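What follows is chain A paired twice: with chain B in the first complex and chain C in the second.
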Partner chain A sequence: MNQMGYSFTIESRKEVSGEDLGLLKEKILQLNWGVQHPASGPMRLKVWIDGDVVVKVDPDIGYVLRLLEKLVEYRTWINAIVNVERACFMDDFGTMVGYSIAAEKIAGVEVPKKADYVRVILAEGGRIVSHLIGLGSFVGVMGVHTAMQWALIAREKFLDAFETLSGQRIATSSIVPGGVRYEPTGKFVEKMVEAVDFLEKEFIPRYEEAFIDNPTLKLRSVGVGVVTKEKAVELGMAGPPLRASGVESDIRKDYPYAAYGDFKFKVVTKSEGDCYARYLVLWEEIQESAKIIRQAIEGLPEGDYRVKFPVKLPPGEAYVNVEWARGAFGFHLVSDGGTGPYRLRMRAPSFCNLWAIPEIMKGVKLADVPVIFSSLYMCHGDIDR
Partner chain B sequence: MEAWIKALFFPGFFFLLITFLMVFYLERKVLASVHLRIGPFYVGKWGILQTTADVFKLFQKEFVIQRRANKLLYSLIPFVAFVMVSILLTFIPFSKNLYVVSTSFDLLIFLAIITSMPPIFFYAGWASKSKYSFIGGLRVVNQMISGEIPLWLSALSAAIFYGTLNHVSMVERSSFWSFIFLIPAFFIFMTAALIVTDRPPFDIPEAEQEVVYGFMTEFGGFNYAILSVAKLIEVFALFSLATVLFLGGFKGPFLPGVVWFLLKVAALYLFAFILRASTPRIRMDQLLGFCWKVLTPLALLNLVFVILLKMFLF
Partner chain C sequence: MNEVKELALLPFRVFQKVVKVSKSMFERKATEIWWDRGIKRDLHFRGKHVIKAELCIGCSLCARSCPVNCIEMVPTGVKKPRAVPKVRASECIFCGLCEDACPVKPQKAIQLTDNYSMLIEPGTWEKLNGYVFEPENLEAAIEKAKKMEELIEKKKQEALKKKQQQEKKDDGQ
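Right, the complex of A and B next:
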């Protein structure tokens, strides 16, 4: 068909039989686990199955590519945080802390101690909020939505606290180079304590009774998707999945930034490396984060919460790693002496964990695909950026 | 009452319709309270008309048949499934005289129809010509065949105990001791009933996160409504059968028989809802192992136990 100089080919309608679907002709069937699928999120896994056994998996990403790294180049130093925090909406504070520290390194600005403490409170709040969704969605892929609902109730209290601070519940833009953007008022601290109280006194006992040591949950997840310590290092995994394989890696402990050097907490590790271990790592990290928030609120110093940040920065570059909810997040920031970043490169942990999937998912059952996928605790916004 | 009035109104069609809307509503409310939510609230008093609105929305929808589908089977299967499971309910005695038909082979016919359901659901998956539907259909056949053997064995053990296949006389012969002796059979029957009707935690054929919606993936609108109502009726029929066989059917003090019957069925439903809210789904190979290695031998042992009871005690 020719129209306006273009030629179109109209596909003829034909009866499609089972053979065309690969049902009868070949033993191996390709399933598209994704893009529009109840559990995949905006990405696609091409899954080849032989009966009920997965032969090969090929991830197909790029459905939520927003060019965040490029967009940062059109912003000023402070404006850029709105792009940085959108790497993943679940924990936006970790990324803002990393970017701000990198910008401060180039500028040579020292932030006040109070700002450091508030950054820790917010970053740990963000980690709890993110881990709660991780727990809920892990149980959710096995057909039980109770865990997610309970987690969302606990999450709601933290979002209330963030709203008191910044006026926004999710994209708060509250951490800027030079400190924090809003004054941490008494009301905010009060709400944060309330949220931590709810988490420790109501959510944790209730959840522990139902979904930790749940026999059916263990039946599904113990021994599934095992990654050994050596394999985890070789694949370059990050964050909770890495710690679940027995590697004690935590930027907060290894290279303390912000005020993390002042607090006592332990790095949660498990040696099994299976789905259940990754789930338990999330569960125990929530409790550690709650302890850090309590310590930070007790020791919150007086003084300024923000210092003046210059409009133009000297040429230079900085690389900063922060322990984000999903693992080590790296920022390589370059300045050419202008009013905004010349180049920002973000090293995302979910992207590293994603490429463990083809290795782990060889020879598992089809029903294990969503379980392993959700246990790797990835964020789609963070994979594509 | 004449039989056709019963078939149309009381234990029949309209009663069914109202029961399902209420069961559906109850499921959402119970799940919501486990989730610490409110659940349906705005439509009608306490949201009681929400499910009605949902079902009528489905009825208004366009009748879409996808291009690849086998048109005849695709449009016919939901109705066949609906009619087949509706037949089940004609054999259920809701009270002493309230049943549509009563024969001397009630239990046998009931179980035979339950056994003939898997091909219907498999055709539903096959006729849609979609990969997910096809896998869902295969899973239904696998699962139901493994579940039906313990179902038959445990139901027949009750029939052996009472010495009859007629539902009404079964209920009349039941007593406190029959309840006690049939408790193992009751548990096996309930587990098998959950497997056969693929209720959570055995909802493997419809596992949303794996195969989208199993054999119902391609169905929409009216067809979907009829097919899912057929599945709900199957659950209701099996729970009613459990009440008749093991819980003394319509027997009970003070209240009329129908109320007792529905209360007992509601208790079984509550058990199923709580199980759904707290137990993750298991895997196909785990389910097959459980059915063939645990449930079927237990059902056989139970049958031996009932036969011995019959030989020496009664």
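Right, the complex of A and C next:
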């Protein structure tokens, strides 16, 4: 057998039935993959297997349900960001940008250009921070934890920059309806440039040498969990997994929000649609995001960074889509003329990718379940909300 | 032969060990206690609240802006400030929105500082519940406010007296 330049010899073997060996008589077995599994996170997959082949998969979610959508109804327009950003701690800027734009649409408030640029810098920083963990955990489920450690070193530089801006590393609550809360000082810009420099000059060459085009990693991931272009659209997938199947869908390019219309970047797509393609999409998106941050810092305009936002908004509705780290995140915000949101509905991309799992995992080997699961790049805080 | 040698060297070995142990007592510790030294922060860090009672105007905007409702307005008994904020630290998420909402200028009456050390020992239910950030110099501020009120009342009465005297004069004429 020849694969990827490596030759394996497979010994001839006899067919032995399980009953002869005193094994189980039932053919189909149910396994609980998750809750305590190191790769699963706080959720469970019920997996039915026939020997080594997966017959059926049923996701069981709800372990980290926090009722964020309901909690927002008890907040004012400004302090609802505290709940919105907790949809997922890894990229909290994307959700705050979406909510803020929706609230501004209802109020009819126009944001200064500087605030738009800072929002782009923060959102792309959040995307890099999130993708780095995605890359690290994908290699991590195969048993190599070096990638995660290297990714965390690069991530730390970005968190330092966020701390300089807002005073917190993860739950920054720095973007509000009406602009951004803190002025982007020279020190913040300096730290952000430092972080991007480290990412481009040190992390990317070192990581590329070891974990991209790696033959062992390719053995596990090439041709595993293939989703065709038609199937991906039919299943309603979102974000990097959708782009890995060859669909050129990116809200930043299709319906530019904030200041994304001013920057040059390309939408990363792959045609293979397997686990390795999804991994490569994350890898190339990090480099595109770094370019956007450089452009935004160069063209950072001067002026106000926050305008006054009214306490009471007129009745109305707004729907806003933003390209979050994990795909298109939709916000349907309803106002009844009060001091806070009447209803907020969040359309989460990870939830859409989750329900593609039963289709993708039909007929794969049990050992491929964690690989496919982590390549879909889901966040549990976002699934349960 | 070896055993005899060991026995002969025993006092020396004991002495060696005593020296080793006593030496390490004066050496630098392997683990360092970093929280006493403090960490250097850039610009600002969202830590412990400082509430200044003499600056507060008692508008309760901070309590209304708090997303977790951990700020309580405590009535003072004077007219200005009518009430001052008190932050329940065990519920606070340190988002800093109260600082944004405060209308006092240029220095804010409620502010988040660099102070991050908030160790409570022992961490019992009563101690955690009782851990609150209370306003500074509250009594002095109340006394000041009372004096101000008295002054204002005096002035008012004086003005009243003057008015009455003038009215009497007007009537006399």
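The rule we apply is simple: the second predicted complex is superposed on the first by the 361 of 385 C-alpha atoms of A that agree within 3 Å, B and C clash if a C-alpha of one lies under 4 Å from a C-alpha of the other, contacts with A are read in each partner's own complex, and residues count from 1 in each chain.
Simple rule for what comes next: contacts are C-beta pairs under 8 Å (C-beta built on N, C-alpha and C of every residue); 3 or more make two chains touch, one makes a residue touch a chain.
In this text the structure is predicted, and so the values were computed from the model without any measurement.
Participant: Examine A:Pro184 and indicate which partner it touches, taking first as chain B and second as chain C; both and neither are also allowed.
Facilitator: Neither chain B nor chain C is touched by A:Pro184.
Participant: I'd like to know which partner A:Asp368 touches here: chain B for first, chain C for second, both or neither.
Facilitator: first
Participant: Please indicate which partner A:Gly98 is in contact with in the superposed arrangement: first for chain B, second for chain C, both, or neither.
Facilitator: In the superposed model, A:Gly98 contacts neither chain B nor chain C.
Participant: Using the superposition on chain A described above, determine whether A:Val139 touches chain B (first), chain C (second), both, or neither.
Facilitator: Once the two structures are laid over each other on A, A:Val139 reaches chain B alone.
Participant: Can A:Gly327 be said to touch chain B (first), chain C (second), both, or neither?
Facilitator: The answer is neither, since A:Gly327 touches no partner chain.
Participant: What is the contact status of A:Glu163 with respect to chain B (first) and chain C (second): first, second, both, or neither?
Facilitator: Only chain C; A:Glu163 stays clear of chain B.
Participant: Contacts for A:Pro112 in the overlay, against chain B (first) and chain C (second): which applies, first, second, both or neither?
Facilitator: Neither: A:Pro112 stays clear of chain B and chain C.
Participant: Of the partners chain B and chain C, which touch A:Ile78 in the superposed model: first, second, both, neither?
Facilitator: A:Ile78 contacts chain C only, not chain B.
Participant: Any idea which chain A residues touch chain B in the complex?
Facilitator: 13, 15-18, 21-23, 29, 31, 37-39, 52, 139-146, 149-150, 153, 210, 214, 216-217, 219-220, 365-370
Participant: Can you name the residues of chain C that touch chain A in the complex?
Facilitator: 42-46, 64-68, 93-97, 100, 112
Participant: With touch defined as at the start, can you tell me which chain B residues reach chain A in the complex?
Facilitator: Counting only chain B, the residues touching chain A are 31, 34-37, 67-68, 129-132, 134-135, 200-201, 203-204, 207-212, 276-286.
Participant: Can you check the complex and tell me which residues of chain A touch chain C?
Facilitator: 75-76, 78-80, 82-83, 163-164, 166-168, 171, 173, 181, 185, 187, 191
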